[in-house]
Every structure is written in structure tokens, then in C-alpha cells.
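Sharing a structure below in C-alpha cells format, with a few things to ask.
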Amino acid sequence: ARGIKFNYRLKWLFNTSVAGDIYADAKGFFRDVGLDVTVKEGSPEKNAINELELGYAAFGVASADQVIRALDKGAKIFVIAQLFQVNPMQWIYRTDQPEIKTLQDLKGRNIGITFGGNDETIMNTLFAKAGITKKDVTITGVRFDFTPFFMRKVDVWPVYRNSQGVILKDKLAREGEGVYFFNPADFGVNFVANSVVTSEAMMKNNPDLVEKFLNALLKGWEDAMDPAKEAETLEAIKKLDKGTNDAIRKNQLSVTRSLIKPSVSIKIGTIDIAAWKQTEEMMLKEKQIKKSVNIETRLIQIK
Amino acid sequence: MLFRRIYQFLIVYMVAIAFLWMIKMGLSLSDYVIPGIFLVAETAGQVAEEYVFDVINTLSIAVLGQALSIVLAFTVGISGRKSSWIGSFIKVTAYNIQAYPIVALAPIIFILLGDGFIPRLLIASMICYFPLLLSILGIMATPVEDIEHFYIVTGRMRWQLEVKIRAFENLSKLTTVISGSATLAMAGTIVGEFIAANAGIGYSIRIALYQSDIAKILVALFMIGIIISIYQGILETMGEQIKNKWSISKEGVVL
Amino acid sequence: MRLECHNLNFTYPGNTTAVINNLSFSMKNPGFKALFGPSGVGKTSLAKMIASSKFRGSKDIAIENMDTILYSYNLERLPGWSSTGNHLNKVTSSEKQSVKEQLIEIFELKDVLGSRFSQLSMGQQNRINLIRYLLQDFDLLIMDESLANVDEKLRETIILAIKELFSDKMFLYISHNLMEVSKFCSQILVFRKSLENKNSFVIKGQDCKKGYLLDKKQLDITMLEIMNAF
Amino acid sequence: MLFRRIYQFLIVYMVAIAFLWMIKMGLSLSDYVIPGIFLVAETAGQVAEEYVFDVINTLSIAVLGQALSIVLAFTVGISGRKSSWIGSFIKVTAYNIQAYPIVALAPIIFILLGDGFIPRLLIASMICYFPLLLSILGIMATPVEDIEHFYIVTGRMRWQLEVKIRAFENLSKLTTVISGSATLAMAGTIVGEFIAANAGIGYSIRIALYQSDIAKILVALFMIGIIISIYQGILETMGEQIKNKWSISKEGVVL
Amino acid sequence: MRLECHNLNFTYPGNTTAVINNLSFSMKNPGFKALFGPSGVGKTSLAKMIASSKFRGSKDIAIENMDTILYSYNLERLPGWSSTGNHLNKVTSSEKQSVKEQLIEIFELKDVLGSRFSQLSMGQQNRINLIRYLLQDFDLLIMDESLANVDEKLRETIILAIKELFSDKMFLYISHNLMEVSKFCSQILVFRKSLENKNSFVIKGQDCKKGYLLDKKQLDITMLEIMNAF
């Protein structure tokens, strides 16, 4: 038997930040439990939650803001695991600038923000927290290319810490420039990042399948984050992500580890309910959703 | 003409939306995947005013960009019409630039021009000029022998005259292409805004996309459609007038 | 002034039979010369060869004392964006202004100078086209059915006027009107069908000038001669 | 012809790169803004082989997409050539769809079609078809009176014949536009891959952009340019042959 | 069969003077009828009006027993994608096959049926175009200078053959050849220039048939009559 066939839609392209997903697939963890899973890359235009509803996928990875927004609009979905314990969305800046030790240090800087993106919500929350008004900083809209940061037109630029962050750090290091990262979590703002989601129907009708899938997936993640299995993990990633060189991939993996499993005691997949609530609150305050969605009722920690 | 364009657009839009809603009901999809009628109406109420200004902002760039691309297409088309080495070289350049997806060129454009108005205009006209160029090349490379013969044999042929003759003889083709390219200019501007600007409807679409807000996108598409229909209608009317003024209804039309 | 061909040959690419086959003839002095012969025999082809710079200076075609050769034909058009009168002005140098006025008068085109080319009748189109050629510098003007759609009366007036006004130029007139050719041309090259062109004849025409008195008998003889050469 | 296209492209590319490097030196920009010659060479060594396959993959889709868009453009162009209500309705539809930036439609396309091969092809041909359409509309809407008269008055005119006559009389314009549209198909496919695929050079460009690797992008642009030049050259040669076969060198050309 | 105009008027839009001004005439029975007059007088305009469905059935133009009216002119072209012979076959119904063969023989077009239209000489183009009209169903065929570029001898052969083969049809022949019109047409509508067309005359022609014996005197009288009407 080939097992039950379905798709698993990721949030982003294959690279080190989806190491566990790749690993579980490569090592046949899904096959072992009788599942025939196709792991598919994501992109901004492809939305896992849509695919759950349309039946194109049975499971997917979505960011917390996507989940909350979808719930706000009546989507029937559940979060079954939280992959990132620390949000990789952080800001990079050069070491020839003073380090940001308190939020007040943000004042006077030219900060990049993706209008409409999570980073806008996060940064606005930080500003509110520190009592910083738009007059105290310069905000520049950010696109997909880093040229304004490279050209020093913008000082503080949003990046995904474990993928782009590593690449940029390396690039600048080659020119003899050092970088810092500004992590909002250090200042008490925990905006949840990627989580595994599935549909209400799936939860109801196929709880066994959900459990089987998730266990296989989390096993993949645990192994992938295990420093002892680093070589194997890197090997599996390399097959799908040829564009990155080995050294960078290695660095990316170690950063990813610190975001997925910040300490040995935390089990991968743990849903940080407090952080979810904070995320919902932030979005409510920013008028990204109209009403509370009671996010805690949609979080199911599967043992 | 103008009114016809507008209500025809309304029909097209309504049909498309109805189709989406049928899918929504058929598959009982949530508002997140395909927004329902109330959500769209509510969203329209919230953003309509803002989007109108955005679209007009975009249109103003599109009009400029179209003008620029007409100039560009004629320049390249006229200088590339000969099958000489230099003519084919110009064509190769023009074609190659086109082949590059604008997203790949965007970082380079940014390095050279910074962001803001200029790159937005540049991207719009780069997307718009090529189809114009193709038509103009085709027209400019085809001799009108029975008119040109005299000027050639008497040594009176100048490139300006040649261009004028060929343009005139293909006036209706040219006006079709030019007024049709308005939509390309608009699409080009929106793409430009999408990747390089902090204003315009393209920028608003990008934000809506980040938030997976299909309702906003549907409202934006509606605004774009209406404005395009109006702009296009005006251009077509102008084209007719130019045709009637410059040329004269042919014999065959009268009898 | 002299125009000569020596064993001229021409075959269209891809064709098996030659259009012009060992053609030899000689024409000299200014005035009206004709190319005459049945339809499809090769008149236009020869005319274009004479006018083409590709064949100038080849040993088969000898041209003496004629630098500028213009080929005009009845299907030409003027550009459509302004009136025919405007176009005429544009291509007329200032010293030819008065000739232009004269020609317009003779060609009976005064009334249509304000119209676009596409609004003219066929004969009017023929005439306006011919006028602009006459206003250029040329030594030999080939008129390939240039007056084909003009009525006979006016055509006669026009031919006579051209002969008078441009008495130092050579004209190669292609027409299907036997009488006209016999009457007004000094030399007529008659093409024969499906025989070697070698046997083409140059026949002396009546070469009537303005105010001529027609010698009907002579004309009939010429016409007969041409018909026999056919 | 083919060789000419290729070395002309090489000249264009070299000039552009040299220009970039002049800027780099002039402003003393570091390698991460504009990569230097060694970095580009090194990157080329690493990715060249992979990119060749990517570009060929993309080209195969582009060829399909172009074929599709030629069919589409002729279908719409022929049915929209009349100035009747339905003709203008078809035009309005075709124009409006064009006016929408593909990025805005992409989410809807994915909802309707899922991902994979079909949306990639669809996006490619949507970008490619419109410029073709404009030319074809222009050509198809212009009567060739001196040929059509007979068929009209004798009641023998069918739309197929009308189309054939107008296409034939504008053969050189059509071949120019069709072979020119190859670059559009290529650009369209790349955009499609950029947002919808997990293969092809567009996908590789997206990754390179995500990594902010301009050197890779320069290598990709080079590959695209070479392949386009070859494809274009082949199309043009084919166009010449069709022209020579279907029509016949005009009288005026011989003499 | 009858073709009549009663006080017909026509002015081109934007023009001040009428091209056709109170024109009245009547032509009946099958055979060759002519429109004759100086260039630019309005022959083509009248011919197009007669053929146009817009003017059919108006009270100014009365047409009896003629359902299909075709207008042909000398500038028409055949499509270029295949040989003229092919195009001819395409537009000939099977029962007209033998007429087609006959016409090709008479029109001397056998040799060029394999060529594309653009490769033909002007006279050949005229002839191939006329043939295809003759192979259609029609009651009245208007030939607007349809044989303008064909030589006189062949033109005569063609006209006589048409008259014989299509003796039950009406033809409206527009030509600038006075002699031809006088010889072969039964009725000639002569347009006068810059006078009211009202005074246009219909003159009786010689209407010669195949194998005719020419009454030169009668012909001269007809020609003179026409010239006077001019």
C-alpha cells in the first residue's frame, strides 16, 4: 500500500528554515506511518490556508497573522503545532552604528518596514511600547531587494534572521563590516511566526491521521535540530537548496536551531499560548482584525 | 463609445465576480479565500475613496509613461526599421531589454535611479513600449511602393518623409495599437508601483496581498477597470478624430 | 541623346522563358518615342530595366547624354495627408513655378488641387502624377500608361503640350492606343509576341506637333506598318 | 542572421556590464551592491550549468506559451475585429484582463487552478498575447478593398477568407510581431515562474533575489539573453521562409 | 431589362458642387451600353451608385428585371497566396467550367494561370480580373475601365466574345476609347462637362457583333455625334 496521499504546503521556498520538513520527508518518516505526503514549497502568492479550504492540501504552514486573519474571516482551521518559538523576523544593522540596547535607541534612525507586513505590526507595537512617535524616526518602505540597505540609505532593515540574516552577515563580513540584529522578543514583543495548520474537518474526521502526520513531522524536526545529526540534515537540505553554499547553510542551521529549539527543555512544536494572545492583541490594536477571534480556542497541542 | 466601454466593463466585472461567488458557494469557502458580497461591499465602503485617489495617481503616471513609451517606440522603431547592421543591432538591444523580467532588473534600476518617481515611470514605459515597438517596426519596415517610388527616383526621399508616408498609410493600425497600449501602460505602472513605489494603486495592491485581503484586491480591480475604460474610451475617440482630420474618409466609404 | 540596346536579355527569376530575348534597337534625339505591343509582351519590364541603375552602364544598354532617367506609371499615388496642390508645391522648385501653373492649366486640374488624392477620379490621379514628374529634372521620362485613364481629347492636348514645352527631352511613351502612338511619336519600338524580340522593329511615326495638319494617308500607312510588325 | 544576433547580444551585454562596473568604480561601491568581475566569474562557474538547464526549461514553456498566445490573439483579434457590439465587448474584455497586473490576479489564478504547470503556462501566455492582439486587431480591422471587393459583391466573402486576405497582405508585419513576441513569451514565462513555479530560471532568479545575489542575477540575465537571441534568430529565419514560400518576391524587388 | 435614372443627384460630402446633377436617362435590353465622357465628369460615381444597394429601389434609380448588379474596375487585385489559375477555379461553379476554359482561351491567359497576380503585367491583371466577374451570376456587369491596360486588338476580340457568350446580360462599359465605344455599344450615355448633366445624351451606337462588316460612314457619324455631345 502506498499510504494516504495528500499535500503539505510550506510557507516559503525550500531552504534551511524548513529543515525539519525536509528531513522528515527525506528520511521517510511519513512513509513509515503509512502516509504519502508531498511537501510543497510556498511563496507569498501561495497561501496554505486557502489550499486547506480548497482541498489542495491537507496540512500547511502559515504565519500567526495569516491564521488570525483567516479566523477573523470565518475560516475553519486549527493550529496544531508552533514551529518557531522565536520569531525570525528581526532587523539587521551595521556595527558602525550604536547598538540598540533600549527601545529609545531606535530614535533618529532610518528604519525599514514592509508596509502591510508583520514587521510593520511588530515595529508599531514596539513604538507604542516605547512611546516613540513617527516624528522620532524615519520610516522607509521596504521591497524585496536590499539595495537601499546596502547603499546605506536605510540603517535598520528587516530580515529573516535565520535565512537572509545569515547571508547578509556573510556578505558584509567579506567587506569587513560587522552587523547586529535587533530582536523584538528581547524587548517583550512576541509575535508568533510559523505554525502548522489543518482544517476543522480534518481535525474532526481524521484525528488519527493528524496525530500520525504531526508526530512524523515533529520527529523530523527534532532530528534535524539535533546537532549530532547536522551532517545528515545539511545533506538533505542541499538536495533541494542548491543555490546556497555549504558554509552558509551550516550557519543558517545553527541559527534556525536557536529559534526552533531555544533550549533543550522546550519540545519542538510547543504552542506558546501567551504569545498567541499577545499577537492577537497586537493585531486588534492595529485594526488588522475587526474583533477578537479567541485564538486560544483554535490552538490544539497534540500530545 | 465611452459609455459603451464603461457598461461593457461593468458586465465583464459582474460576470467574473458572479463566477467567483458561485465557486465560493459551491465549495462553501470562507471569506478569507473568496470574500462574500457583504465583505466586499463593506471593504469598498472603507477603501473606495482612498483607492480612487490611488488609481488616479497611477493613471497620471501611466499617461506620462505611455507618452514616453510612444516616443521611445517610434525612436527605436524608426531607427531599427532598416535591415542594416545598425538597424538589427538596435533591434537586438530593444528586444533583449524586453526579455528581462522587470523584477530582475529592479535592483539595478534602483542602484542607478534610487526609488520614487523616476523608476516608477521607467518601469511603466519599459513594459508599455515593447508592444508598440513591434507594431511600429512592422509598419515602418514595409515600403508603400506606389507612393514612395516618386520620391525615391527623384532623390527626394528623406527618412522623415518615409516615416510619414508609412505611418499615414497605416494610420488605423497605429491608432489601434496606441490606444490599446494604454492598458499596458496602466499595467506597467502598477507593476512598477508594486516593486518600486510608496504610492499608487500598485502599492495598495501589494499591501492587500501581504494581508491576503482579496476583498481589497477586488475593489482595486474594479477601480482600475473603470478608469482604464474611461481612459481608453477617450483615447479611442481622440484616435478617431485624428484619423478623420489627418486623412479623409476614403472614396469607398462614401460610395 | 541616344538610347540603345544590344542583344538585351532578361528572365524573371524562377521563370523558364525569357521576357526579353536578344533585343536590339536604337533610339536617338529628343521627342516622343513609344514602346508598343500586345499586353504581357515585356514593355514594362524593358522600361524598368532602362530606368534601373543596376542595368545602367552594362554593355547591353547604352545610354548617351542622358543622366537622369525617371520611370512613372499609372498606379502611383500621392500621399494622403494633404491636398494634391500642396504636394505639387512641395516637389516643385521655385524656378519651375511658372511651368507648374501652365501645366495645371493644360492638364485641367485647377479644380481638384484642393482635394486629397483619394478623392480624385482615376484620370485626375493619372494627370496629377504625371505633372509632378514633368516638374523634376530629367533627361528621359518613361511614361508607362501614365495617361491610360484620361480621355482621348485631353490626352492629345497634354501630349502636344509636353512635346512643345519639353522639346529637348526624350520621352518613352507606353500606350495601347495605336492611333495615338502612330500620330505623336517619332520612333515606335514594336514588340512581337512569342517570337524572339530580336525581330522587333523600330518604326518611324508621324511625330505630329502642335497645330499639326494630319496626313491621314501617311498615318494609315504607319498604323498598318505597326499592325504588320505585331 | 543567427550569428549576428548572438554577437550583437554579446556586445550589448558587455557594454551594459562595463557600464555597471564603471559606476561601481566611480562610486566605489562594494561587492554586495554591484559584484566585481571576479565574483561574477566565480558565481558563473558555480551556477552556469544549472542555469543553462533552467533557461532551457523556461524556454520550452515559453515556446508553448507563445503558441498558445498566438492562437488566443488570433481568436480574440478575429472575433473582435468588427466594430459591432459583440466585437467591442470582446475587445473590452481582452483589454481589461490585460490591464490587471498579473501579481494581482495571481492569487485568484491559484485559487482556480491550483499550482503546477497550468498556471505557469497561463501567466506566460497572458503576458505574451496582448501585444500580439493589438497588432492583429489593427490588421484585421483594416479592409483591403481592392482585393475584397470582388468577394463581397459576389457574396463569396466568408470570415475565413477575409482573415486570410488581410493576414496575407500584412504578412511581413505579422511575422515581425510574432517573432518579436518571443521575447515577451520568455519574459512572461519568467514572471510566471517567479510567482508560480518551482522550476525554471524565473524560480532561480527569485531565489537569487531573496539572497540578494546580484552576481547570480547577472549570470541569469546573460543566459536568458543568449537563449532568446537564438530562439529569436530561429523564428526570424522561419518567418523569412514562410514569407518566401507563401508570398513571392514582389515585382518591384526584382526590377 | 431596364436601367433608368430620373433627376438623379449626388454630391460628395463636404463638396459644394454636385457630381451628378439632375441626371435622367434610360437604357434597355441586354447588350453593351457605355458611359462616356471626359475624365472626372462622374462616370465612376454614377456606376457605383447604380451598383450600390443603398441607392437601389430609391425613386431616382429604377432597375427592372435585373437582380444582380456587379461593379468591377481595373485596379482590383487577386489574393497573392496562390496562382491566379487556382483563384479562378475557386470562384467558378462547376457548371461554368467550360465557359471558363473558353474565356481563358479568348483572353489569352493560358500561360499565366500558374503565376501569382503580382507577377502579371497590367493588362494580364485586368483580364484575369474581368474573367472572374464573367463567371459569376449577374444580370448587369459594370466594367469601369476594366480593359484599360489591354491592347486594342485583344480588347476587340474580348468585347465581341463577351457579347456573343453573354447575349442575355446587360453590360455597362466605361472606357475612354471613342471609336471602341461607338463601334461596340448599342447605347452610349455621354456626360458633358461642367454643364448640368441633365443635358446628357444617350446616343445610339453601332453595336457591332462578331464577324461584323464595318460601315465606316455610320461609325464616323456616331463618333461625331458623341464628340458634339461632349
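Read from first to last, the chains carry the letters A, B, C, D and E; within each, the first residue is number 1.
What we mean here is this: contacts are C-beta pairs under 8 Å (C-beta built on N, C-alpha and C of every residue); 3 or more make two chains touch, one makes a residue touch a chain.
All values reported here derive from a predicted model rather than from experimental measurement.
The greatest centre-to-centre gap from subunit C, using C-alpha centroids, is found for A. A count of C-beta contacts for the chain pairs A-D and B-C puts A-D on top.
When you average the Cα atoms of each chain and compare centres, the chain farthest from subunit E turns out to be A. Between the CA-based centres of subunit A and subunit D the separation comes to 37 Å, rounded to the whole angstrom.
Chain centres here are Cα means. That of subunit A falls 86 Å from that of subunit C. Inter-chain centre distance (subunit B to subunit C, centres taken as mean C-alpha positions): 51 Å.
Spacing of subunit C relative to subunit E, judged by their CA centroids, is 26 angstrom.
Of all residues in subunit C, those that touch two or more other chains are 12, 75, 119.
Contact of a single residue of subunit D with at least two other chains is seen at positions 29, 33, 103, 107, 111, 209, 212, 250.
In subunit A, the positions touching at least two other chains are 44-45, 47, 50, 54, 144-145, 147, 151. Across the complex, subunit D meets subunit A through its residues 29-33, 47, 50, 103, 106-107, 110-111, 114-115, 195-196, 198, 204, 206-213, 216. Per the touch definition, subunit C reaches subunit E in the complex via residues 12, 37-41, 43-44, 74-75, 108, 112, 119-124, 126-127, 145, 148-155, 176-178, 230.
Interface of subunit B with subunit D (complex): residues 4-5, 8-9, 11-13, 20, 23, 33-34, 85, 88-89, 92-93, 95-96, 98-101, 103-104, 107-108, 111-112, 130-131, 133-135, 137-139, 141-142, 145, 170, 172-174, 176-177, 180-181, 183-184, 186-187, 190-191, 194, 202, 205-206, 209, 212, 214, 217, 220-221, 224-225, 228-229, 232, 250, 252. Only residues 44-45, 47, 49-50, 53-54, 65-66, 69-70, 72-76, 114-117, 141, 143-145, 147-148, 151, 153, 288 of subunit A touch subunit B when the two sit together in their complex.
Taken in their complex, subunit B has these residues touching subunit C: 146-147, 149-150, 153-154, 156, 164-165, 168-169, 246-248, 250-251.
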